[in-house]
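Which chain is which? They are A, B, C and D, in the order written, and residues in each are numbered from 1.
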Amino acid sequence: MVQLRKVIHGKLDPSDRSDLVGRLLDLFLITLIAINVAAVILETVESIETRYHTVFWVIEIISVAVFTLEYAARVWTSPENPEFQNSKNPRLAYITSPLALIDLVAILPFYLGFIVDMDLRFLRVLRLLRILKLTRYSSAMSMLLDVFREEANAFFAGFFILIVLLVIAASGAYLVEHEVQPGKFGSIPAAMWWAMATLTTVGYGDVTPITPAGKIFGSLVGVVGIGIAALPAGILASGMADLLRRRRAELIKELRIALEDGVIDPAEERELEEIRRHLGLSKRIAEEIRDDVQRSHSGGLTGQCPHCGRNLG
Amino acid sequence: MVQLRKVIHGKLDPSDRSDLVGRLLDLFLITLIAINVAAVILETVESIETRYHTVFWVIEIISVAVFTLEYAARVWTSPENPEFQNSKNPRLAYITSPLALIDLVAILPFYLGFIVDMDLRFLRVLRLLRILKLTRYSSAMSMLLDVFREEANAFFAGFFILIVLLVIAASGAYLVEHEVQPGKFGSIPAAMWWAMATLTTVGYGDVTPITPAGKIFGSLVGVVGIGIAALPAGILASGMADLLRRRRAELIKELRIALEDGVIDPAEERELEEIRRHLGLSKRIAEEIRDDVQRSHSGGLTGQCPHCGRNLG
Amino acid sequence: MVQLRKVIHGKLDPSDRSDLVGRLLDLFLITLIAINVAAVILETVESIETRYHTVFWVIEIISVAVFTLEYAARVWTSPENPEFQNSKNPRLAYITSPLALIDLVAILPFYLGFIVDMDLRFLRVLRLLRILKLTRYSSAMSMLLDVFREEANAFFAGFFILIVLLVIAASGAYLVEHEVQPGKFGSIPAAMWWAMATLTTVGYGDVTPITPAGKIFGSLVGVVGIGIAALPAGILASGMADLLRRRRAELIKELRIALEDGVIDPAEERELEEIRRHLGLSKRIAEEIRDDVQRSHSGGLTGQCPHCGRNLG
Amino acid sequence: MVQLRKVIHGKLDPSDRSDLVGRLLDLFLITLIAINVAAVILETVESIETRYHTVFWVIEIISVAVFTLEYAARVWTSPENPEFQNSKNPRLAYITSPLALIDLVAILPFYLGFIVDMDLRFLRVLRLLRILKLTRYSSAMSMLLDVFREEANAFFAGFFILIVLLVIAASGAYLVEHEVQPGKFGSIPAAMWWAMATLTTVGYGDVTPITPAGKIFGSLVGVVGIGIAALPAGILASGMADLLRRRRAELIKELRIALEDGVIDPAEERELEEIRRHLGLSKRIAEEIRDDVQRSHSGGLTGQCPHCGRNLG
C-alpha cells in the first residue's frame, strides 16, 4: 500500500519531470483546467449557453469527477511529500496548505449546488477559481510569490499610503467641485470614484473636475498618482533583484561544496542541475557562476603582493 | 510622578510590543481613528448625514476627548522618549516633531470651530487629517519614508523636470490647436489641463488634439509621459535596493560583533531580534544572513590560508 | 570564389565598422527599409494611394529586387559568419536564424501575391514586417533582447498572472453589473473588455461600472492593475541591473588577462575596444573599470600582505 | 582685468556656495526666470493680456536686458571655468556648451522679433525655453542627466522598439476595424492615433475598437503597452542603481587615500565634503561609508585562520 502510495505521489508531484507518465498527467490536468475556465466564461454568453447547454453539463460532470479523484489522491499521498513530513499531522498540514485549499475550492461549488440553494450564477462563477489550480505547474510563479511574501510588509505600507491619498484626494475634490457638479462630486464617497481613477492613472474620463481650482488640484493628484504607481514597481524591482542575488549566492555555496574535492561527478551534476532549476536560474547564468567559482577555487585571489612577489592566492 | 510617567510612556510607545496593555491601547486608538475617518466620509453623504446626525456628533465628542487626552499624555511623557532625551528641551522637540504635529492638527478643527467662524464643511474635512495619526503604527512606513527622505533631491529634480515638460507640452499644443479648439486650447493654462492628463498617462479624454499636427505632437507628449512616469519608479527602486543593502550590512555588522566571543546568548538574541525588526528585514532573510556570518566566522571561508596553505573551509 | 565570398561577407556584416563600403551599404539598406515602411503606411491613405500609385509600385519593385539580392548574398556568405561555423550545416543554421527568417518574410508577400490569390490589403500590411529588418543594425537591441530571453520565465509567469486576474476581474464585474448594464457587462467575455482596459490602466472610459458595488470592485481592479503594470518593470529592471553587473565582470576578467604581462599593447587595445562595444558598455564606464583593475593589479589593494606585513598599497 | 574676470566668474558660478553675493545673484536670476515663464504663460490668456499688456512689456524688456548682460558676462569669464580651460579655444567651447546655448536661445526671440517678421505668437512661446536656464541651478539634475547620457543607447533602442510596435499595432487595428469604423481606422496613420494612446496607456477613449476581433487585438496592444511603459523604468532604475554604486566606490576610493596617513585633517575634511556634495550622496550615506572604511582600514579582513589561529587581517 505504501509502495503504491509512493508511486502515485511520484506521478502527481510535478517537480520530478523525468517521469513520462507524470508529465502526461500534468498535461492532462492543465488542459482540463483550461477547458473548464473557457467553459465557464463562454457559458455566460446567452447565445452560446442555450446552444451548447448539454456540452457544458458534460464537461462539468467529467471535470468534477477528475478533480475530486485528484484531490483524494493528493490528500492520500501527502505523507510522501517531503514538505509535510516534518509536521505532526502531515495530512492536516497538507489540507490546510494553499494549493490544497485551491483544489478544494475548485470542487466545492458543484457539491454546494446540491446542498445549498444559492444563486446559480454566483456558483457558476465560483468555478472560475479553478484557474488558480494552474499555479502548481509554473516554476517561475514560486519566485514571484516569494517576492510578494518577502516584501509583504512594504506592500501593506504602500496600500495604506494609497488609502490615505485616496481619502485626501477625494476630500479635496469634494470641497472644490461639489457645488458645480453635485452629482459627481456631491459627497466624499462619490468623489472617491474620480480619485481612484486618477490615482491609478486609469483615468476613465466619465468624471473630471471643471473648475480651475479643481483642475489644478486634479493635476496634483495625477502627479501623486504616478508616484503611487511607482511604489509597487520599486518594491517589486528591489525585491526581485535581492532574491536573484541570494539565489546566486546559494548556487555558489553549493558549487563550492561540490568542488571541495576538486571534481564534480555525475551525481553532483544532477544535484546541481536540480538546484539550478529549483532556484529558477537560467542555464547561461549558471554556467557563468560555475566558471567563476572554478577559477577562484583553482587560484584564489588574483594579483601579487608587490613586496614579496608571491601570489596572494 | 516620574515613575508614573515612565509607565504611561511605556504604554503609549508602540515599539515595545510585549506589553499587552500597550497593545490594547494601540488597537483602541487605531479603531477610533478608523471610525473617525469613516464618519467624516459618510457625513458628506446628505441622506446619511440627516439620519445619523446625532451619532456623528457623539462620535466626534468622544474622539476629540480621547485624542486630546492622548495628546496631553504624549507631551507629558515625552522626556521618557529616547529620541528626544538629547535635546535641550525635550518637550519642545517633541511638540515640533511630525507625529506630534499630526496629533495636534487632529484635534484643532474641533476647537477652532468655537473660536473662528469658518466654513463648517472645510473644518469637517480637515478632521480627515486624523488618518495620518495611523502612520505611527506602521513599521514598514518608516522604511518608505526613509527612502523618500534619502532621495528627496532626486525627487525634486524629477518634479522640476515635470514642470518643464508640462510647460513645453502645453505650449506646443496651444500653438497647434488654439485656432481649431479655442475653448480647450485657447491659452497655455487651458492647454495645461490636457498636457497634465497626458504626461501622467491618466488620459481622461475630455480634451484631445484634433489636427494631424496636434495628434503627432500629442503622441510625442504621451511617449515622454511614460518616461516621466518611469522617473519616480526608478528613483524609488534604486533607493530601496540601496536601503536594503545597507540594512543587511548593518545586521551583518551587529552579528559579527555578537559572534566575537563565539556564541550568541539569549540577551544578544533578543537584541538581534529587535534590530531585525527595526531594520524591517524578514525572519527568512535574517536567517540566511546569520548562516553566512556564522559560517565565515567559524572558518567556512573558501580559498586557502596564505600562511599555512591549507583550505580555509 | 571563397575569397570573393569573404569580401562580400565583410561588407554585409555590420559589426565590422571600419569598412567604409560596408557602412555605406548599411546606410543604404536602412534608408530603403525606412522608405518601404513609410510607403506601406501612406498607401493606406486613399487620397495618397490614388495619386502616387505608380511611385509606390516602383518603390516596391526596387525594394524587393534589392532585398532578394541581399537575402541571396547573406545566405551564400553565411559560412563565413563565425556564429554559424560550428554547425554541421552552416547555411541551414543561418536560414533558420531569426534575422534570416525576418529577411525571408520581408520578401515573401511580393512573391506570394503571384502564387496565391490573397486579400491584397493583408499582403500589403505584411510588408510592414520589413521594419524588423532594422533589428540587425542596433547594437543596444541585443542587450534588451538578451534581457527578454534571460527573464523569459518570469515574463511568462507575469503573463499567466495577468490572465488569472483578467478572468477574476471580468467575472466580478459581470456578477455585479450585468443586470444594470446588460449590453456592456452582459457576459464575462463582454466584461473582459472593461477588465483589460482597467488592469492595463489604459482606461478608455467607453465602459465603466455604474453601481456602487461595481465602482468599489472597479477601484480594487485598478489598484491591482498598477501592481500588474509594475511586474514587467520589476522584472526588466532587475534583469537589466543583473546583465550590466555580469557584463562588467566579463570586461574585468578580460582586462585582468590582458594585464597579466603588465602592459596593454595596441592589439589588445583593439580587442578590448571590440569587447566593450560588444558588451554595450559606455566608454566612460569602461575607463572607470580599467582604472580600478590597473590599480588593483599594480598593487593598489588595500589591507596588508599576510606574508610580510606591509601595506599592499 | 583678469582679476576682475576671476571675481565675476566666482559670483556667476553656482557651485561655490559659500559666497553670499553669488548666492543672492543666483536667487535673483532664478526668480527672474520664474517670473518670465509665468508671464509668457499668462500672456496667452486674452483677458489677462489685454489688461496687463504694459506690465508684460516691461517685464520682457528688463528680463532681456538682464539675460543679455548675464550671457555676455558668462562668455567673457568662461576662460576662468575649469571645465573649459583645457580646450584650445575656451570661449568657443563654452559658447557651444548646452547651458550657453540655452542662454542664447533665451534672448534670441526678442532680437529675432526685430530682424525677422515671424508669427508673434510663436516667438512669444519660444521665450518659454528660458525655463531651461533653471537646469544650471539644480545639482540633482546632473545625476539624472548623467543617467540619460549613460544609458542613451538603451533609450534609443527602447524608442526604436516603440516605433516598431506602433507600426504593428496600428496596422493590425487598421486591418480589423477599417470597414466598421472608416473614419477612425480608415488608414494606418489614422489608426496610429489609437495605437499611440493605447501603447502609452494614456487611453483617451475617443477612438476604440468595436469588433470582437478588434477588442481582442486591442487588449493585446494594451498588455504590450504596459511592457513598453516598463522599459524606460527598467533602464532608469538599473542606470541609477549603477550610478549610485559607482559614486559610492569613488567616495570610498577618496576616503581610503585620505586615510592612508591614518587621520583626516580639516583640509581633507573640506575636500571630502566637496566630493560628497558633488557626487550627490546624502550626509547619512557618507557617514556609513566612512565608518566602514575606517573600520576596515584599522583591521583588514575579519575572522581567523582555523588552522594557525592568526588573524587574516
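Everything that follows uses one rule, which is that a contact is a pair of C-beta atoms (placed from the backbone, for glycine too) under 8 Å apart; a residue touches a chain by one contact, two chains touch by 3 or more.
If you're wondering where the values come from, they're calculated on a predicted model, not measured in any experiment.
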{"item": "Equivalent of A-C within the choices A-D, C-D or B-C, defined by over half of its residue contact pairs recurring", "value": "C-D"}
{"item": "Distance from chain D to chain B - Cα centre to Cα centre, in angstrom", "value": "27"}
{"item": "Chain centre separation in whole Å, for chain D relative to chain A (CA means)", "value": "37"}
{"item": "Multi-partner residues of chain B (at least 2 other chains)", "value": "197, 201-205, 229-230, 233-235, 237-238, 241, 306-307"}
{"item": "Topology of the chain contact graph, where touching chains are joined (line, ring, star, complete, other)", "value": "complete"}
{"item": "Touching residues on chain D, where the partner in the complex is chain C", "value": "150, 153-154, 156-158, 160-161, 163-164, 167-168, 170-171, 174-175, 186-190, 197-198, 201-205, 208, 212, 215, 218-219, 222-223, 225-227, 229-231, 233-235, 237-238, 241-242, 246, 249, 256, 260, 296-297, 300-301, 312-313"}
{"item": "Residue numbers on chain B that touch chain C, as the complex places them", "value": "201-205, 230, 233-234, 237, 306-307"}
{"item": "Chain C-touching residues of chain A, taken from the complex the two chains share", "value": "37, 40-42, 44-46, 121-122, 125, 128, 131-132, 134, 138-141, 143-144, 147, 159, 162, 189, 192-193, 196-197, 200-206, 228-229, 232-233, 235-237, 239-241, 244, 280, 282, 284-285, 288, 292, 302-308, 310, 312"}
